[in-house]
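The structure appears below as structure tokens.
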Amino acid sequence: MLDKIGIAKRIAQEVQDGTYINLGIGIPTLVANFIPENINVVLQSENGLLGIGPFPEEDEVDADLINAGKQTVTTTKGSALFSSSQSFEMIRGGHVDLTILGAMEVSENGDIANWKIPGKMVKGMGGAMDLVASADNIIVAMQHCSRSGDSKLLSECSLPITGLRCVKKIVTDMAVLDVLPEGGFKLLERAPGVTVEEIKAATAGKLIIEGDIPEMKI
Amino acid sequence: MINKVVANADEAVKDIPNNAVLMLGGFGLCGIPENCISALLKTGVNGLTCISNNAGVDDFGIGLMLKTRQVKKMISSYVGENAEFERQLLSGELEVDLIPQGTLAERIRAGGAGIPAFYTPAGYGTEVAEGKETREYDGKMYLLENWLKADFALVKAWKGDTSGNLIFKGTARNFNPMMAAACKITIAEVEELVEPGELDPNHIHTPGIYVQRIFQGKDYEKRIEQRTTKLK
Amino acid sequence: MLDKIGIAKRIAQEVQDGTYINLGIGIPTLVANFIPENINVVLQSENGLLGIGPFPEEDEVDADLINAGKQTVTTTKGSALFSSSQSFEMIRGGHVDLTILGAMEVSENGDIANWKIPGKMVKGMGGAMDLVASADNIIVAMQHCSRSGDSKLLSECSLPITGLRCVKKIVTDMAVLDVLPEGGFKLLERAPGVTVEEIKAATAGKLIIEGDIPEMKI
Amino acid sequence: MINKVVANADEAVKDIPNNAVLMLGGFGLCGIPENCISALLKTGVNGLTCISNNAGVDDFGIGLMLKTRQVKKMISSYVGENAEFERQLLSGELEVDLIPQGTLAERIRAGGAGIPAFYTPAGYGTEVAEGKETREYDGKMYLLENWLKADFALVKAWKGDTSGNLIFKGTARNFNPMMAAACKITIAEVEELVEPGELDPNHIHTPGIYVQRIFQGKDYEKRIEQRTTKLK
């Protein structure tokens, strides 16, 4: 089983050179720390920044420079600042190559639910619906099962949907899986120490297993 | 050039009436009109509809106006930082419209740009799409969304000149420019107010045509929600 | 009868303090020269400039700074530059208080035709359709009659329309007229030396004359 | 940062194929991609559809490509400066779509912004409206217009950095930023190419994400159509 750092490290391997990436709050934000030095990417922040740099030194903190998680950040060389409408022009227009975000549930046809639990507090969808409706390549970072042990990879989402048929790949604490265009979670890799049987037991939606499933290399 | 200067925040907001519809700039607490919010707390105006990406925190930003029950309705994209907000929502004291952030930004931009409606993919197949027209373009489904306009915009800029031109700083720009364009009366508070000609015309983010009142703000707290620094 | 300068001078009297104005090519551009010193206005250029200044000195000419008529211009203090889409956001959004433009024909219900003569060369409408569809206050500057002597103030436009029911006021070489919301050209002023009878004869559309019609003061 | 630099205009445009759809920045001759146009004259590519506010003059700008018969179709708002254009149009050699300037700008902006269609008032009741859906909002009539996208954008900026960020100068900005966003491959030629970090992030007009290739242009003529100076 991977911890959050492990999931972030594994997702970092998916990142391709020369791409623009939007990282969601939580595990996705951690991915930035594990992108290899020889891979050049630019991180987009939905609140109006292209080229997110590392967190600032104590004496560099600027209240006017935050990321989508409201954390203080810095800018990289060659960054650009813009308004929220321009930021979502960029997102909606398909200019961001890869979106990495968390989820509460993913269905076997790629639907994602990550914004609302009816009856509990509703915080709002923020930019999530725009991101999932717009990106061509979406990777979900999440735990395979909820805290109560229920699978989060389902045949259909039970929670209110954020977007339809949009998730392409899922990296969990147990496995890496592709969501196939025709439906179904195709198992690609196992987390260290996790068996295919355990993944089967933890996946409620249609799981597709072909041949030998290798263990992740982190 | 046309002079738009008013003395201060009190002067700028004094004619905002009960039940007005306001837009307030900012993302989280970044780039919010601190001075105008303070002035509204003093006028005691109520029944307000506030269009703003977030609703502040319990003791800062729009959260302060929630505490004083001046807000009847919030139109926002994310409001998760505020316990008083949650209490009022669950008790039915506060109405809330939640809108995808990009749709909110584009609807406001459309309001200022004379575009009454546009198609966007955000929210298709979700409860956001309920009751809305949908249409397919190039094999993908889209929703028809309408413009958003309001009576007053309260925006915060870094620098401004007396004719209303504004320059924002960092990610404090966010919703401010679109809101400035989408309202009948736009009130801009700035950290530094200068004479026309001192700002490079090529660097203006909001041209003065969108601003009706401007004043030099004071005592900016610029509170940080998630002060995060480099790990040692 | 007024010459072009006279028409421009008369229109300049309509300009109110503290307003933003878009001036079309031709006579409208001349209006800028006759706005009184104590009237503060800002001129908008559809190609991306708010705050058009006077024409440049020989040594100030900048190929990167032109007006909508492609003439070299300067900027005023407090000007702002922006893109074409931002310029038409401004126009379409109703932020420009007054639009002054030329016309080939105006109808008694305020329709305007000024972009195309079928069978002759078609140059395109440029920004004219956006301007007339968007502005709340439109003043037309034109000759009362065409070169062949035909009235340009008609009951219906014969040329292809640029926009419907949009013209509020007309200043010609012969007269100042309001276009009434219920239809009809209401005669307000006569040009120096022009009689009401001459204006009647030169106006093909419905002309409304009430009481004594004063002569323009230029 | 990602390096987008190509050696020169020839390198930048060499894969533009016959019958490609191009967008070319500029208003009149102001802010046009002079170097790229020269390079296209050399490649001899033909059957092009050119989306550009104007069509140049007889011996400069897109007018040069009309002379060599490389253009099959123009999509523009105003084309009145060009006798060769008129000849080809009247003889049926050239197709032309004329679009209101604000609608052209907004359709291109929509292409880059993922908005497949929007309502605009421009052209209602005119021949521009023929065959288009109309709808009333707040008592006013609007047309539904679709986005415009293209294969290649050729844009001209004042300064740019190697990662593709652009700053325009004066009214040479015009259509360039929207076109940069609306095309699969955007080629930017700049008067001054600098390293990332040399341009203030707060002054960038076109963020690098929209630019796929950039090069330092040369020998800019910047011809003036109406050289007008103060009356003595």
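Order as written gives the chain letters A, B, C and D; numbering starts at 1 within each chain.
In this text, a contact is a pair of C-beta atoms (placed from the backbone, for glycine too) under 8 Å apart; a residue touches a chain by one contact, two chains touch by 3 or more.
Keep in mind it's a predicted model, so treat the numbers as computed, not measured.
Contacts with subunit A and subunit D are shared by B.
Within the contact network of the assembly, the step distance from subunit A to subunit C comes to 2. Distance from the centre of subunit D peaks at A, each centre being the average of the chain's Cα atoms. Looking at B-C and C-D side by side, the one with more C-beta contacts is C-D.
A straight line joining the Cα centres of subunit B and subunit D is 33 Å long. If you average the Cα atoms of subunit B and of subunit C, the two centres end up 36 Å apart. Remark: subunit A and subunit B have CA centroids separated by 28 Å (rounded to whole angstrom). The set of subunit C residues that touch two or more partner chains comprises 49, 81-82, 88, 91-92, 134.
Of all residues in subunit D, those that touch two or more other chains are 106, 109, 113-115, 120-121, 169-170, 202.
Contacts between chains form some other arrangement here, matching none of path, ring, star or all-to-all.
Here the chains touching each other pair up as A-B, A-D, B-C, B-D, C-D.
If you check the complex, the residues on subunit B that touch subunit C are 1-3, 109, 111-115, 161-163, 165, 181, 195-197, 199, 201-202, 204, 207-210. Partner subunit D is touched in their complex by these residues of subunit A: 18-20, 40-42, 44, 49-51, 75-82, 86, 88-96, 134. The residues of subunit D lying in touch with subunit B in their complex are 106, 110, 113-121, 135, 137-138, 142, 146, 167-170, 202-203. Of all the residues in subunit B, the ones that touch subunit A in their complex are 27-31, 53, 76-81, 86, 89, 96, 98, 100-103, 105-106, 108-109, 120-128, 158, 169-178, 205, 222-231.
Against subunit B, the residues of subunit A that register as touching in their complex are 45-49, 54-58, 61-67, 69-73, 81-85, 87-88, 91-92, 111, 121-130, 133-134, 160-164.
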